[in-house]
């Protein structure tokens, strides 16, 4: 999984948001994001875009964990509860995979284990290897 | 719309991402995001989370433009084309509204007018006025 | 759960499609649909609308199982595999619930246990009791 | 478009639901469904599955109108208003298309022009010609 590690490290946007990848395997990943002032929206709760981005980072690593490039084509996300501070965690698993398409389900929870959001995403799987993409 | 202007200015996350609100009215909004290195993912294209966040900022302003707090409950987004540089634009309109719920459709395009993503989001409308939220 | 049983029996559309509710509890439900010629689309596989409807029947029973009227406001569904014959099963569980909104996840599988579709739906919970609705 | 006409006529499920295709072209389609007792759910309004199926029939024809097989991979649908009687209309257009994937937006309205639902669906485009599928 060295190439997946390199893939994780190359994600500028995740870094800009303070997203840390905690672990990953074939079709799975887990990340966290410690909440800061810059994650908040106008109502002083965590911005939907920040919650989505945390889940999306997990989605990206889980779907690229097979070593070939996966591109997001569709996501549905439900938001359950406003978060204000502390740390958010996102954990994802593969629901379905075939040579062209794969779908992942990612749960976002707060420190206390409350469900914050549920994210269901589908990728199109290209033939390009991650080695090629990252060189 | 002074209170909506104040609402726009209070969005820390949008600022962190360089999202600029260009215009807004009852149920509508338009924004842009100039692409920088920190918007890119591991494949050196714009991160899905950055595209979502741009559309989400428009969704937030359009749905809060009636002066009472609107909270996102669900979003579906389709991604059509990878973007790499230049500026992205998002423009949204109200598809349906009743006292409790409202739905918006937001198109994200690049400089050249190519469709990058389509975002369909629903909010739950609370009774709290924006004045109260922002004071 | 007598009122939920009455609610299940009153679903004309589910009957028209041959959907049988196998079991239900607070926030859960399970149903099956034996595939017939009239479930097929032009490509001779089960129509997306038939698969959605099976999951939607489970969604409806699970979300109305608390005894008050729940109305669907949003659904995201991913389709994984074409089904042609045999029986499809749908099973749902509650992911999140508050006084106004609730979200459910429903898996659709074939006889052999293959994932056919994944359905994520949100309802708006009204105050009307099912007794009132069904009388 | 003779082959698309043949494709429309081969849809058993659409017939079972009383869905009539009114017109279609490259990337577009329009259909109607006269509401009957068998379209109703337990609350005596049109079942979400029936509304979805009407939109899905339009989605299928619009996405197969290019003459090669298109298979639904994801749909997001928002429901705005309960319908009880009269006729529902669904009209769809292509939002984006490339050799592998295409996305469509379908509006469902009632007799009076009220928005009933908005459906956003993505297909995977196979190489098989409709001629081959339908022979």
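Going by the order they are written in, the chains are A, B, C and D; count residues from 1 in each one.
Everything below uses one rule, namely that a residue touches a chain if its C-beta (ideal position, glycine included) is under 8 Å from a C-beta of that chain, and two chains touch if they have at least 3 such contacts.
As the structure is a computational prediction, the values presented were derived from the model and not from experiment.
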{"item": "Furthest chain, CA centroid comparison against subunit C", "value": "B"}
{"item": "Contact-richer chain pair (by C-beta pairs counted) among B-C and A-B", "value": "A-B"}
{"item": "Centroid spacing, where centroids are CA-atom means, of subunit A and subunit C in whole angstrom", "value": "29"}
{"item": "Approximate Å spacing (C-alpha centroids) for the pair subunit B, subunit C", "value": "32"}
{"item": "Intercentroid distance (Cα basis), subunit B paired with subunit A, Å", "value": "20"}
{"item": "Multi-chain contact residues (two or more partners), subunit A", "value": "73-74, 76, 78, 101, 122"}
{"item": "Residue ranges of subunit D touching subunit C (in the complex, touch as defined)", "value": "7-8, 10-17, 37-43, 47-50, 52-54, 56-57, 59-60, 64, 69, 71-79, 82, 133-134"}
{"item": "Residue ranges of subunit A touching subunit D (in the complex, touch as defined)", "value": "73-74, 76, 100-101, 122, 124"}
{"item": "Residues on subunit D engaged by subunit B in the complex (per definition of touch)", "value": "74, 76, 78, 80-81, 95-96, 98, 101, 103, 105, 115, 118, 120, 122"}
